[in-house]
Structure formats: structure tokens, C-alpha cells
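Let me begin by handing over the structure; questions about it come next.
Chains: A, B and C, in written order; residue numbering restarts at 1 for each.
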Amino acid sequence: MSLKHWNKKHIISIRDFSRDEIDFVLKKSALMEDKLSSSKPVKLMKGRILANLFFEPSTRTRMSFETAMKRLGGKTVGFSVAETTSEAKGETITDTVRVVEGYADVIVLRHPAEGAARVASENIKIPLINGGDGANQHPTQTLLDLYTIQKEYKKIDGLSIAMVGDLKYGRTVHSLANALESYNVKLTFISPRELKMPKRMVNRLRDKNIEVKETTKLNIGNADVIYATRIQRERFPDLQEFERVKEAYVLDEIILNKLKDDAIIMHPLPRVSEISPEIDETRHARYFQQSRNGVPVRMALLCLVCGVDF
Amino acid sequence: MSLKHWNKKHIISIRDFSRDEIDFVLKKSALMEDKLSSSKPVKLMKGRILANLFFEPSTRTRMSFETAMKRLGGKTVGFSVAETTSEAKGETITDTVRVVEGYADVIVLRHPAEGAARVASENIKIPLINGGDGANQHPTQTLLDLYTIQKEYKKIDGLSIAMVGDLKYGRTVHSLANALESYNVKLTFISPRELKMPKRMVNRLRDKNIEVKETTKLNIGNADVIYATRIQRERFPDLQEFERVKEAYVLDEIILNKLKDDAIIMHPLPRVSEISPEIDETRHARYFQQSRNGVPVRMALLCLVCGVDF
Amino acid sequence: MSLKHWNKKHIISIRDFSRDEIDFVLKKSALMEDKLSSSKPVKLMKGRILANLFFEPSTRTRMSFETAMKRLGGKTVGFSVAETTSEAKGETITDTVRVVEGYADVIVLRHPAEGAARVASENIKIPLINGGDGANQHPTQTLLDLYTIQKEYKKIDGLSIAMVGDLKYGRTVHSLANALESYNVKLTFISPRELKMPKRMVNRLRDKNIEVKETTKLNIGNADVIYATRIQRERFPDLQEFERVKEAYVLDEIILNKLKDDAIIMHPLPRVSEISPEIDETRHARYFQQSRNGVPVRMALLCLVCGVDF
């Protein structure tokens, strides 16, 4: 895949990615991770500036992108919502990014409104990466999820992947499922009845010949990957019901002997109680590694959209 | 003009600038813009630190200065009001800048109190640049305004400049008018009766033999430069009156055929509705370019006050 | 003291330091200050990243560490409490630092809870420096205090040190007293009756054969070092009593002729009224210098814990 294909490309939604494109990013991310772990400092983005525009707080995503840019020898400017002026809030997102286009070489945008990233990208000549637009898309999270799986198993095809928790509202599981459409995987969706994966998504996956099982039981004995997500209190009118449901999907010591020997547990973090800390030191835990993987994946993407070869 | 003249100089008010000094900064800014657009990264401020002290939010000004410093190969530290501790708020501005003098090589200060920048600069040995002190001064905004005009017409003398909108409270138009005192320009002040340019300023300009016209009509047919500003709701006790007035000074498609062929439209941004988005793609729009021009102007100033030759 | 001794060491409390370790840090800080004042930019931390995690605002400490890292040629990422998401607030500090471990090479943590730094350091492999944990410890403040004394007198042993103000709640004076335990100094504790140094601390110092005097009078005629601290209104139920007490411990022009010729006045800053501004320009004032000394001390520590030789 040519450098030109990626140069100036906006990264808005994982749904815009073909399987070839995803595979290319994963391959480049692995190459970047090698560079990162070598002793020579990487200077691929030396002299360039990333603008982090965070209209919604997300210290984790912001820090990951900042780290990625700085590990590339580049610099960052930006803001987080806390400092935004009331005046600036009256400005359209289109104007904001056009002003920032005068400062930076690439933009990461986090915004509470669905579709904000797409709209913002339409009038600028520098590439924009969606760092999350409301409940909608967060494509770099999905790419680092896929990278974590690929890194573990050297493949994605053929794996059995269980998603656990809030499958109704969870942005990360939706995007991951979207991306997995082009792979030959078996999916198990494990959730309380109230938080099932939307029917439309299940149908779409089945149309693509993906084998999908849905269950309310924590049946993870066949899974190569368990992708856990947080169940939020706000989703339940009844506190007691929430407590009961939350309990039922906790990954703790008890589930360890049910797991396949080399199964890995992932989580987009932050977790609250859905994964018990005693899992952290087991061979199954991959969530901290997964978070760490965001750095080489974002480094690779930043270089690709800025037309920097590596 | 010697390097020594600028070294360690505080930049507090555009009124402290002679015409020679302004012209020198504009010339140096053009030189800096050439450097910026060359492929070689600029390293003039390598190893130096700028402290951005923002006691009032202004992500735009802060990002512009940060970009300027980083494009020079320098680094930045600082704070914005959101993170300021209640404890720190009890400290005098004099103490704050004396502490920061121990960290940085140059300070940019934004503060809600008029005169804060002058007071802050009095006890420190490193240069301080006023990034806006309340309704008072914002000298680098004026310099980038002048730079934008100069860049367009290769001159300022002889031009006809119309200022539109809130001329009573608008800090940017006051400072720009102050600076234009030393140039041979024709000024048209276009505003609602309630928001006229202060009499004292008009008189002062006329004393300097500047031709000044005042009108409530959007007569911009002879203007080489139209400088639009925002009319704020807060200025009007009566909402209906505000709406009527606001409508009357909107620059939109209708005014396009009244403009001189090469007239440019400027605005300090953010705009709300005073310039219609359909103007953005016309040959007249210069407001995004104007904002972008802040980077080389601030780069030039940072170098000058730090005694860095270029 | 070997480089290996310091590599990956967490800096949590001054009480963890032996006298040899303190002396080593002071010696290295002096070396670092020489490097800092030379014209050659220091590049000891080039390619490395410091994460500043500020769960409590402290622009001063944050800026000092950022400056230190940037003067070393390194980069910083991080957050201050203002931008923290409610979601992230539900996360344990242990999880937060494990995630950040995936981004950075060294962490500075500021947290309102006593003991937070110790807990946070327990599960990570990169070094963590305590930037203040509630009323508990702020070891780099103590090291820069000691460095300031050592720099002035070329020794600490044999000096007479007076601490003035709130000795009951003041974190800095407690830590400084702790550190001075291993030195041969004379201590005078000057405070209102309500704000005396805790008995336990006085006893501990006397057990170590430190000569300690306690008084409510501002007797500073024999002191080589006067360490002033702020008396906070919140400590007094009665406003009138607060005003009376505050007055009694103000260092102003009147006390100047009572001081030893070469006595120095220190203060952790910010000050409010406990040191009068007319002291600032006298030969006794060292508080701004003291604050500035934090930069080389923190530079030295950052290098030591990252295993960087200098």
C-alpha cells in the first residue's frame, strides 16, 4: 500500500477501513514498535506539530497521542475542555480546526457530538484523526485492540472472541465488531439481557458469515480473547438490578480455571470492578499491554497520514 | 535597528512602539515566514523555554505562542486559569513572575486586569510579552493585523481601512487604530450609534492628520481592508435592538459586489455570525490567513526579545 | 554512591534518605547547576518522557518539574486535576500509574491523599517521584531547601536554623526538620502557641542530640537561616486572634537590624504577608533563589532515578 494512499488521509471511522488497510496499519505498527524498543531515538516527526483538540476530557487518549507524537521526535499543542473559553465555545468546530490548521501539521479531535470529526475534517488540508466523537467512533482504539490480538496470536483469522459486559452502549465493542466483519472469526456476545448487542449489528455480522453466539452466561471456556467492558450504573433504573448484573460478569479468580490456557483478557480501561485485581498478575491479563500498544499504533498512524515513510 | 535594542525588551503595549519599531518587526516577521516555509526546521530557540502564564483562558493566543516557540525549536511550560490553585491566586502577580523567572527565558502573560503586564514586567530580568491584559492591550494581535495588511499590499501607507462592528469596546480595533496613527491611511469607522469609536481616539487620529470618517452605514465600497469585529449581546439592554444592529453589519454574499476587486476582509476571530461562511471561500477572505500570520510574527518577536539574531 | 543505587529508585519520602544519600543528591545538584549555567544545552534526558500526574493543582511544582525535564532535553506529558474525567476518577491510582507506565520513563505524582505516592509506586517498574501527597511528604521541596542552605554556607553542619510560622501543620517545616536530624544543627522553632511543632517531632530531634529551642517570640538574632512559612486563616476559629498572630511573625524592615549580617531568609512560597516586599531586595532574601534551585535539584534527581550518568 503506497505512502501516497495514506498521506493527508483523515482517520474518522473504522468503518472507512478495508481489511487491507487495517492489516497494513497493523503491520506498520509492529514495525514502529520495533523502532520504539530500539535504543535509537525515533525522529520521524522531528519539526512537526500535533494539535490535540479535546472538547471532552480524556486524559488517557490525549496522553497516548502526546506520547506517540513525542516518541516520534515531534511536538504537541492543544487544549482540553477545562480551559476552553465561553467565547471559543460559540465558535463552530469548522472555524476552530481552520484556525488550528494554521498552527499544526496534524490534528487529533475529541468531541462529544457524533459526527464532529467528519464535519471538522471537511474544510482542512491537514489530516485529522478522530480521537472519539461521542458514542460514535474511536478508530484508534479499535486499531490498538486489533493490534493487541494480532500481536498475541500472529493472526486474527480463526480466533474465537468473546465480548463481555455492556454490548448495547459500548462504543469500543461496536467498533471492534465492525472491524472484525472482514475477518474469519467466531464471536460470542455475553451480556445481561438489557445490554445486548444491537440486533442490527448481529444481523450484519451474520450476513458476512461471521458465526455469532449470544448468551447471558459467562461462557468463556472456548474463547481465545475475552474483551471485557464496563457496565455503567446509569444504564439501570433499578440499583439492585445493576448490582446483580454487575456481579454476574466480573472476571475474577474463579473464572481462571475455566479459561483456555493461552486465552487473553482485554479491556479498554479504565476498569472499575469488572476485572478483579488478582487477574492482573496472571498470564491472561493483557489490558495494560493493550493500553501500551496504543503508542506504536498511534505513532504509525501519525506518520502515515503525515506522509512520513518508515 | 540593532539586536541590542530589542534584547530583554518587554512587549507591553502597541503604544510603546514607534513606527520604525513596528516596521522592523513586520520586516523580521516576513523573514521568519520565509524560514518557516522552508523545509529546514528552524532551531533559533533550541534549548530555551517560554512560560505561558494564562490567568484568563485564551486557547487561541496560547496555542499560537506555543506553536511559535515550538516552531523555533524551543520548549514551553505554563498554566491556564483552570488549573490555578486557590493558594496561588492569593499570590501577587509580581511574585508569580519572579518565581517563573527562575524557570523560563521569556514569559507570555495573559491577565484579566488592565495594567497587569506592565506591573509584572517591572521586577524581572527576562522579557515579558503581554498576551492580553483585560480590555487594555494585546500588542501581538495588532502586529499580526498590520503584518497581514502589509503582506497583502506590500505597504500600509495609502490604504483605506474600514473598521466594522463594536468600535466602542473592541480592544483589537482600538489598538489597530493606535498603531495606524503613524501611517498615512484613510479610516472609516462603521458601527451602530451605541458602539461608536471613542471620541478621544477619533480626535487623536485627526490630530495626527489621519482622515477619519464615521458612519452607521455599511459603506465599504472604497475600502482596501475591511476589519470586522463581533458585536456582543451583553452590550445591549434590549435584545431586539441587538438583533437589529447585528443584522445590519453582517458581511455576507450581498456585500460581495460592492467590494473593491482586491479588498480583503479581516477579523480577529472567533467570529459568530458577523461574517457569513459563504465569504470564506472568496478571494476577499483573509481571517484564517490573518490568524496563521500570528505564528511568524510571534516567532520574530520571541527571537528579538531573547536576543536571538536571524 | 553508585549509579545503580539510584536507578529505578522511587523517591517517596525524605525519611527514606540517609544523610549520605542527601549529601550525594546535593553534590549532584551542584554539578547540574553548573551544567545548567553553561552555554551548552544539556541533553541528558533526550528521547525520554516524564509524566506529570497532578491529582491536585500545584502549578508551581508542576512547572518546576516540567522545566527540569525540558532543560534536560526531555519531554513531558501529563494532566492536572482540572481536566480529569469523572470516569478516570473512579479508577484506582494503581491502575492509573500502570497505564502511564506504558507511556513514560518516569512519573511525578501529586495527590491529595497521604500515602498515595507509596501505594502508586508499588506495582510499577519505572521510577516515581512524590510531588506531594496531601499533608504528608514533598521530598523534592526538602532537598531544594537543603540545597539552598548548602549552596549559601558550603555546609549545613554547625548552622543555626530558625523556623517561623505554622509549625504544627506545615508540611515543609516537618520534612525539613526530619532531614536535619542527621546534621549537627541548632534549631529554633518560633510559632504561636496554637501552631507549635508537634511534641513527637521535637522529642525525636532531641533524641538525636539536636539542640532545639521553642519560643513564641520572633528571636532570630542568632539564626543563620530563617525559614518562614505561611499562617493560614483556616487554622484559627477567631479572626481577631488570627490577625494578632499573623502580625507577630511578619518579617519586615523592622527585623532587618536584628539579623546576623549574612543571615538568609527562606520561604517555600507562595507567601502572602508573612514576608514584606521590602525584604525582597535586601541581601537576606533567598526565597526566589530557593524556588529557582528546585530546577537543578529536580534535574539531578530525574537523571539519578532514570539511571543517567552525569
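The rule is short, and it goes like this: a contact is a pair of C-beta atoms (placed from the backbone, for glycine too) under 8 Å apart; a residue touches a chain by one contact, two chains touch by 3 or more.
Because the structure is predicted, anything quoted here is derived from the model rather than measured.
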| item | value |
| --- | --- |
| Assembly fragments, subunit A aside and the remaining chains unmoved | one piece |
| Copies subunit B and subunit C touch via same or different residues, half shared test | different |
| Distance between chain centroids, defined by C-alpha means - subunit B, subunit C (Å) | 40 |
| Residues of subunit B touching at least two other chains | 82-83 |
| List of subunit C residues in touch with subunit B within their complex | 41, 54, 57-60, 62-64, 66-67, 70-71, 80-83, 269-272, 277, 280, 288-289, 291-292, 294-295 |
| Residue numbers on subunit A that touch subunit B, as the complex places them | 46-47, 49, 51, 75, 77-79, 82-85, 87-88, 90-91, 94-96, 98-104, 123 |
